[in-house]
Structures are given as structure tokens and as C-alpha cells.
Amino acid sequence: MSGTRMGRVGATILLLFVVAAVFAPILAPHDPALRTTQPFAAPSFAHPLGANDVGQDILSELIFASRLSLTVGFVTACLATILGAAVGIVGGYLRGPVDTVLMRGVDVILSLPFLPLMIVLAAFLGQNTTNLILVIGLLIWARPARLIRSQVLSVRESGHVQAARAMGATHGYVMVRHVLPRVTPLVAAQFVRTANVSIMLEASLAFLGLSDPFQKSWGAILFYANARSAFLTDAWLWWVLPPGLCIAAVVVSFAFLGYALEERVDPRLRSTLPTSEPSSGSGTPMPVREDALR
Amino acid sequence: MMMNESRSSTSSPGSGGPLLEVKDLDVCFGARGRSGEVAAVRGVSFGIAPGEILGLIGESGSGKTTVARAVMGLVRSATGSVRFEGREMLGLSERALRKVRRRLHLVFQDPYDSLHPGMRVREIVEEAMKIHRVGDRASREAAISAALEEVDLTPSSRFTGRYPHQLSGGQRQRVAVARAMVLDPALVLADEPTSMLDLSLRSGILEILKRHRDTHGTGYLFITHDLALARHLCDRVAVMLGGRLVELGPTEAVVATPLHPYTRMLLQAVEELAPPSSSRAGYPINDQAQESYATIASGLQEVAPGHYVACYEMSQPTLDRPTTEKEE
Amino acid sequence: MSTLLEVRGLNTVYRTTEGQIRAVDGVDLSVGRGEILGVVGESGSGKTTLATSLMRLIKPPGRILKGGEMLLDGEDLFRLPRSEMPARRGRDLALIPQSAMHALNPVIPVDKQVAEAITTHGEASRKAALRTARERLVEVGIPPERHSAYPHELSGGMRQRCVIAMAIVNEPKLVIADEPVSGLDVVVQARILRLISDLKESRSLSMMLVSHDLPTVTRVCDRIAVMYAGRIVETGEARTVFEKPLHPYTRALVEAVPRVRGPKQDLQSIPGDPPDLHHLPPGCNFEPRCPAAFADCKTVDPSLEEVEPGRKVACLLYHDDERE
Amino acid sequence: MPRPSGAAWRRIGGRVAQYALVLLVAVSLNFAIPRLAPGTPIDYLVPSEQVATITPEQRERVLAQFGLEKPLLEQYRLYLTGILRGDLGVSAQQGRPVVDMLLERLPWTLVLVGGAITLATVVGGGAGFLSAARRGGRTEAWGLALFMFLDSMPPFWIGMLLLVFFSGYLDLLPVFGALPTSGAAGGFGLTLEFAQRLVLPLVTLTMVRAGWLFLVARSSLAGELSEDYILMAEAKGLSRRQVVLGHGVRNALLPLVTAVAVEVGTVVGGATVVETVFSYPGLGRLIYESVLSRDYLVLQGAFLLLAVGVILANLLADLLYPILDPRVRAESLR
């Protein structure tokens, strides 16, 4: 499967979930907050995936839960990439003490175990979605920042940046017009990557019972399924399997998209080989040798 | 070109003063005590007249590029004096420097990375005018096509809409030259502008630079490692070794009677690389005495009119001697 | 001088998004024993592809078309099964690759890398191999105290010397050097070329030297082949080709060379753009840029023909029979 | 290996200082979070069911016991010295010192995390190298997709599915806890029991983490294989296999080391949820239990301990790297 095809598959899956999230009230057969049948009901025509321990329709829960996952994914990814790109570009371009301070901060954040820290934060700050998004967003910008910075370090040495400086352009102009466009593909790839990570983090927290109790989430569905030992009965088929599949599908769709983007940043990752003619002369620019995946 | 507005300053080009005067330039990099890091430039002095092409010759690590960057005010740790059109450049505020940079331009070595891959040729050439808010739309458009025609990218309309990757290496370098020329700078710093081009395309670029000098009176600092090339283009050459200037003089004089052992070594190397057929007829020393401003370079002694050489006991060449070789 | 290498009808193609290009297009050449053949060409001429093809190291999407022959000492290496090639590389024919600056593994000391070239081919013990490797390093001018250095601790010139040592260590029949001095400072370039000349004398090395730099090649080589758009357009004795170039392209190249001695002449440049291998003209490849082109050049594709003993050129100006 | 020079010692010193800083940040976070959180300290210090019924006197006593009536700076000082003495407080639920509870669980987590990282590195890294060495093939492309899938699956979900299959359907392995709760067999039997219970959590954690290491290994080997020295190695006469193993993989191991170190943090996070699923008595399970019972001091202590572990792993990798890569050795601090 080539990167482009992966990208297409990823985009398709993601689009399906976006549709589900947007049209949840129309698509869901029931109101997931209401008891609409017997607790632990097995699948039936009216309730294709049965019901949970309080009698709520699982299919409807799943559909509504896509809203939370996608929101968390998109919003935190926005936060993290904006912050990460800003820190990466400013630090990498200006260098000097500014850079040192910023990168020390990045190092500190990267050396903390995320999930345990998030658990502590969630336990103390209370379980609401806004807090969750803020906390994830404020923690996961560090990796994109480091990656973007290392690319900026090489971009700032390129001739057109130097030329713009020599022409009398301000730092701000150079960063916006010359540096940012060059790192945009990497920023996009990092956006996808962070969305991916934050969705997984949210699911893990919810699975530990630390999600907003008033909002449906795939992780939380699994939390209840686990707490009620659904995996010891046949209920795993409709109670355990589908929410996990949803998480995996969304995450993998982001991963595929991200991979397609990263492959563009670093053509050496391509599994089917290249498109341009071999460089026989000197000076054909090679993409930056950064581990785009890390 | 058309952007040449009248200037009220007393030291405008052509008024007789030197265009650029560098005196005792020192640049030190990262004093972290690393063994590989050296003072990049030490006590360099030279001058460039309006319309003069000065070749700065040196090998990798000789500090020649650092000199150019210091002249542009891109190096913060430079000390000494760099006077451009009579104004001291070192120590100028960022804001004041930006203004001066209108009159100065750089052409880089690598045409593949000196043009922004996401900008069209039109935007690339226009950028300097935009930054300095020069002219209106129509006049900019005219300036762009004039600049492109001047570098033989004709008809200019064929090129303005293209992206760099749609151009050949030679064409890209022409665009870079057009970008440098569009604001009609008084001084252009060209850093090995032809070293990455094929032999068959090199002379085209040199021709353009020469022509521009002749028609606009632009001064050039032409940085190169190739003495043979410098001989074809430069009025005077300055030879650098390990951050110092070791010889400075009219090109023909330096080539015909190199004084410093390092210059001799360079010339010998160039001759060894040259085709075997070249005859070795003698040349008159100083066949053209190029006018030069009293370049009283510290450490340099004038041994013939306009021909300076450094006291060479203290600067024995150290190239390719294993233990002292520098890493790039 | 007997013939060591004889290449006939070599074609190497690359598949690209825009279609297939022929980077090496029907090349015939030969190298004599103890001879240095210079292959000169500018970017896109196919010279690097030629060098890599002879090593049979062309990787997809490139491939060597069937039908070509490469006789080394009378044996056609193109007919060997792929699995037998590693045993030949380094021993029968060695490569000094382009960008030799990066041709050394950054995390292995250089003497070990040279020794590896020995042990992979033979019976020699590690210790003996290391000893031989160090001898070779001394021979190419690396002082003993630098032998166990890592590549990044050496200058460009020294790294190039290491690569040369690696290439000659198994005493190959033929050395293929791809731009052995590009990217180095002139003084170092001169020294490396001197080293190559010395090695040629002391070891009667046979070599194919690929370069963009016509004067340099003229200086060290016995014969020259000039490439343009994947083809050889002129061959002959090195000095003769440089002093009396026949093909208009060679002539233009010679006139573009800046000289540090002799009268100062204006440098010539070749008008137009380098050839685009995707869209080659129907006739002579050089026709769009050629100052001497005439009507037939647009339609007739000239072949490489002998015009004087030992001198071949692919240009209609010299082909009497094709002219009419 | 060359002996460390002055620059190397400076580098080591710099790294240690940096990680000491990280540790200080973690400790400070631990100190600050409860104090910034909404509600009163009482909410966090007494068992949750007593919060509503607590009397003002009891309240004072609790505050005094934890030094909460003192100025903030003094509290911070007390907190730091407490930690240095190994005092992380007393569990509100169980009344035992937090340190004891943590140390009791630590070995279980060490075995699980250590095992999972080792296995994931071998399996994921190995497959990644293989994939990079055989680029272009069909198997390679599907292998990539497969490992990306693995990387995308929630660990707790994989754990639950494994439970369904292995104990629900096949009834093969005991699944809960690390040791049988009663009738300890001792000796070999005990080891076997322990190993059996370790299998599923270990497999789960390995599966989810192998994907990422696969991607890193693949991309770094692919990068190395496109370098010029690979061509040179082949030109010397090395077979493709020798080139890939002796030069490519050797050099691609370096980025993998960094990736593994960074992984430790993620694996620890994964262990938390996996232990929860399997009721495996490690630190992760302890965290889960403390979340449920609102035992905040235990929660904080566990976080701190995990932070120390992750920081040590990173430090180790940082110190290891220059030994593996002479280029890094040559550089001094960034």
C-alpha cells in the first residue's frame, strides 16, 4: 500500500466519523442518555448493539461518542501544533538564549510520563472536557516543537532565508514568509500525529474512569464494560469490540494520513520508489535529514 | 534600473570616495573553547571603488564568506570598521541596517537553495521592492521584467510565472542575480555564484555581472576559490588564508608575480589542474594599475604600486597537513 | 597497449513519473591496460549512471537494458549472475564514488573500513587485513597516527585518500573514479590528482575517471570521452581533443575554460539549456544549442564514427557520407 | 572505547543537571497541583466518605498534621525534605506509608515494563529493519499497514480482547493478579504461576508498543540505506546482506536507542491501563485503585516514582548514545 493510498484510506475513514459526529442526532436510533431498554440487553433489531448496564443503546452511545473523540483530537492538535510551530520556529530561527530556554522547557515536558501526569491532573482538576483538552494540549506540543525546530535550523541556513535577511527583511517577515512555508508539510504531519496521540490519551483516561461523566466517550463505554466484566460473557461482542474498533479506526486513519504527509516530507520513506529522475549533477536538494517520524 | 532615486547624502556613489572600506575587521565565533573553532576573520582591511570588482580568494574555512556576511551586517560579533558609502555599518541598529541593505545585495553559491521553492519568479524578484516599499504595482512590474531581461531571461513573460523547480540551474542563478539587481544596489556581494554551475553555463553569469558593472557602475565583492576564474573577472584580488589577508593587488600582478608563498601554492595548484597546453609566456608585472584607495592594511606591506603582501614568516601555509587541517 | 575493458551497447534507463529516460544511451568504450580514460560530461550527461552501471550497482527504478556487453579481460560481466557480482566488486573492478566525502561509514574507524574490503574477499585474517590496510593508508598519504580516526575527524582531502586506499587495496584490474576531486579545495584537488598519477605509475593502474572538469581530465588522462545527453559525442587522445576539439560541444567546453596563464580571452558560454532527457530533439541532441548546426542536424541523429585514427566524433560536420 | 575527555564530562554533567531539573519540575508539579486545584486540601487528605462529616477540630488537626497552615514556601521546603527522606505521606484509605505501598508494587511494574520494552524493541525493531531492507515488496507494504494498526489500537482494548479469547474461550491462562491469591505454592510452581500471569499483560503491551518502534526502525534504516557510504560498501564487494547488517543496521540502531528511551514514558503509561485490565498488581493498578478511592497521596507518589524511572531511562540513553556514536562524542553540549 503506497503512502498516497494510505492517505486516501485514512481520509475516507475520518470523513465517515466526521459525518457520524455531525449528524449524530439524526443517525443515532436512540437518545444514548436515556434508558431505552433492559440493562444488558442483547442485540435486537431495535438495538443492533444491545444495551449497557443501565439500558442505554450502545450503538447510539458509539455515534454520539465520536463527537468527543474528534473534538478532543482536533482542538488539542490545533493547540499543540500552533504552540509547537511557534516555539519551534522562533527558537530555531532566532537561536541564542531564547532558543535555549524554550528547548529546555521542551526537554522537561518530554521527560515526564504523560499518562500518569494526566491522571494526577484529571484527578485533582476534576473531570471535564475543557480541562482535558487544555491539559493534553499543553503537554503534547513539545514533540512537534522539537521536530519543527530541527527543521527550522536547516531552513534558516538556506540561501533564500539569508537573502531575505540581506535584503533588509525583518525577522518577523522572514519567519512568516520564508521559514513557515518551508516547514508547513512537517507542521501538517505533526498536526495529524498529535491528534492521534490526544485521542488515544483521552480514551485511556476515560477507560480509567476519569472522563466527564456527562459526555459519552468510547473509552468510558469500555470503562463500564470492564467494570461490569462484559468480557466474561458474550456481551464482549457488542459491548467491548465496537468501541475499541472505533478508537482504532480513528487513530489509524490519522496515522495513515500522517504517514502520507510524512512521506512527502521525506521521500526516502516511500515504499515504491521515486518519481523524479536520478540526480546526476551536483546540488540537487535533498530533503532535510530529520527523523520525520519521531 | 529605474529604482535609482536621487540621494542627498554627500557620499553617494561616483563622488570619488570608496564605496566600501573595510578596516581591521575581526570576527570571532562561539568562544566555547572548542578546538575546531577559530577566530574566523582577523585584521582584514580592503576597499572597493564604485564599479570595481574585487575578488576575494580563499579556500574553505579561510573566512571569505564570513567577511561578506560581516559586510552585510549579518554577523554580530564583528569588530573593526566597515564603511559603506561613507557610513559605518558595524554597530548600526537592526532598523538602520535594514535601510542600508537596500543598497547592498548578496548572490549565493547554491541556486537550488537560494530561491524559495514556493515562490514564483515574479515574487522572488519583487520581494526586495516589497520589503523596502519601492514603487507601485506598474513600476514594479516593469522593474521585474527589466531585471529579468538584463540577465538574459527573455522574454521575461515566459519566466515570471514559473517556480524555481521549473528552471534549470543556470536559469535559477540568473533569477538570483536579477533579484540582486532589481533595486540597483551600489555593491553586490557574490559568494561563489558560479561554482555549482556547469562550466558551459558559468561564463554566461560572469558576462552578466560584467555587463551590469559596466552599465550601472555597481561594485562587486566576488568571492571565489578559483584564481583562474577571478583572473577573467576581477580588477583586483585579495587572497585570504586562515582568516587573514595575505596578499592584495591588481589581478594580473598577483597572478604574474605572486609574492606570498600561499598565493604561489594556490597558483601552482591551479596550474596543475589547468590543461597541459597552456603556454607559459612571461607577463609584464602590473600591466594595468588599477586605482585603489590607500588600503593601508595592517600587516600588509606595499611592495609594488597597489600590490600588498603580508609578512609571510608568520603565516606559513598549513593546508593538507594532516594534524592542522580544519573540518568544514 | 592491450585492451582491458571493452563496453559495447550499454543502455541504462530510469523509470520516472514522466516516463522512461535513457540516461546512458548506447555507449561503447574501451580502456587499455595501464591507461586512464577520462569521461567528461556536465550535469545530466549520464556519466555517473555510466560509472554505476559498470559496477552493476544501478538500483530501481533504474536498470541496465539487456544486450549490452562489458568485457573485462575478455569476460562479460553483464552475463554473470547477480549473486556473483559482490565477489567481483572491489577485486576485479573498484569504485571511487561521487561525493567521496560521504562514502565512509561515519561510525567506523577508517582503517577498519579499509580492512573490511580485504577480509570480505579473502582468507586474510582480521589482523593481517588491518596491517595491509594501514600500509595502503600510508601509501596514499595518511600518517599512521590518523589510521584509527573516525571519518568526521578527517578533512575532505584525507577522506578522499582513504576512499582511494579502499579502492586499490585489493589491486583491482580497473578502478572507476566518479568525480574524485569535486568539492575539494584546489590545492587539495591538485594533490589528489598527483596521488592518482603517482599510483598509476607505481601500480600501473587502469582507470576510468569520470568528471565534469575538462581541463583536469585532460591533465591526468590518456584518452578522453566526452558525453552529452547520455551519449559519447567525441573520443580521442586527451591532449588532441583538448587542443583540437572537433565536436562543437567539446569546442564550446574548451572555450569556456578560464585560464590562469596565457592571453586573457573572453570566456564562451553555450547558449540554451542543458538537455532534458524527457524531451530530446529528433536529430542531433546538441542541435538546439549548436552554433554550427545546419538543416540535416534537425533530422539526422549522428553516430559515433572514426574520423582519424583513434579519434571518433558524433557530428554530421565530419560525416561525409551522411551529409548528403 | 576512549576514556571520557573534559568535554565528555561536561556533557555528562550537563545531562545530569538537565534531568535533575526535570525531576524538580515533576516534584514541584506534584506540590503545586493539589494547591491549585479547586476545593480545599481536606478533600484530598481524608477518606472521601468522611469529607462531609468532618468537624472543625478534626479539620484543624489534619491541617496541622500536614503543615498546611504554614506559609507556602515553608510548605515547599518541608515537602522537599520529606521526599529526600523518602517520606511521601500516609495513604488516606489504608493508613500505610505511601512509600511502602509503592515499593511493594514496583517490582511487578519493572518486570512488565522492562519485558515489554525488550520484546517490543526486538520484534518491532527487527521487523522494521526487515521492512526497510526489503522495500518495494508487497509484504513490506502490508507489514507497514499492520504495524501502524497495532500502533493505533488502544492497549486496554487489546487486553480485554485477549482476556476474552484466552480465558473466556480457551481457558488457557489464569488472568487475574500476578500470583494466586491463596495457597502459594512456592519455588518453581510459584515462578510458573507468575510467568503465566505475566504472559497476557506482556503480550498486550508488546503488541501496542512494537508498532511505533517498527516505524522508527524502518525509517532510520531506510535513511541509512540511501547514504553514500552504503554504495561504497557495496562497491567494496560486500554482499547486500553484509552491507545491510554490517553498515545500515549498525548505524540505524543509534536512532532506535533514542526512540526506545523516549518509549519508556509511553510504555509506563500503557502499563497503567494494561495492569488495570488484568488486575496485575503493579504501580498502574495502584494508580487506578487510588483514582477510584480518591487516595491522592498514593496517586501523587506513584506519579513521582514513575517520573523518576522515566527520567533515569532517558539519562541512561543520553549517556549511552555518545559511546555508540563517535560523532556525538566529538560534539560538546549543544
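First chain written, first letter: the chains are A, B, C and D, and each begins at residue 1.
Here is the rule we use: a contact is a pair of C-beta atoms (placed from the backbone, for glycine too) under 8 Å apart; a residue touches a chain by one contact, two chains touch by 3 or more.
Just so it is clear, the structure is predicted and the values come from calculations on it, not from any experiment.
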*Identify the chain pair joined by the greatest number of C-beta pairs in contact.*
A-D
*Chain with the smallest distance from its CA centroid to the overall CA centroid?*
A
*asked:* Can you compute the centre-to-centre distance for chain B and chain D, using the mean CA position of each chain? Integer Å is fine.
replied: 56
_Rounded Å distance between chain C and chain D, as computed from the means of their C-alpha atoms_ = 54
_I'd like the Å distance between the centres of chain A and chain D, where a centre is the mean of that chain's Cα atoms._
21
*Residue numbers in chain B touching 2 or more other chains?*
169, 198
*Multi-chain contact residues (two or more partners), chain A*: 273, 281-282
_Interface hub residues of chain C, defined as touching at least two other chains_ = 42-43, 60, 152-153
*Mind pulling up the chain C residues that touch chain B in the complex?*
42-43, 142-143, 146, 152-158, 185-191, 193-194, 212-216, 218-219, 239, 242-243, 252-253, 256-262, 264, 267-270, 273-274
*Residues on chain D engaged by chain A in the complex (per definition of touch)*: 18-19, 21-22, 25-26, 29-30, 33-34, 37-38, 44, 135-136, 140-142, 144-145, 148-149, 151-158, 160-161, 163-164, 168, 215-216, 218-220, 222-223, 226, 255, 258-259, 262, 265-266, 268-270, 272-273, 276-277, 287-288, 291-292, 294, 296, 299-300, 302-303, 306-307, 309-311, 314
*Complex contact set, residues of chain D against chain C*: 136, 227-229, 231-240, 242, 246-247, 250-251, 254, 324-327, 330
*Considering the complex alone, what residue numbers of chain B touch chain C?*
59-60, 168-171, 198-204, 206-207, 225-229, 231-232, 255, 265-281, 319-320, 322-323, 325-328
*Which positions of chain C touch chain D when the two form their complex?*
52, 55, 57, 60, 86-91, 94-95, 97-99, 102-108, 116-117, 120-121, 150, 152-153, 163, 166-167, 170
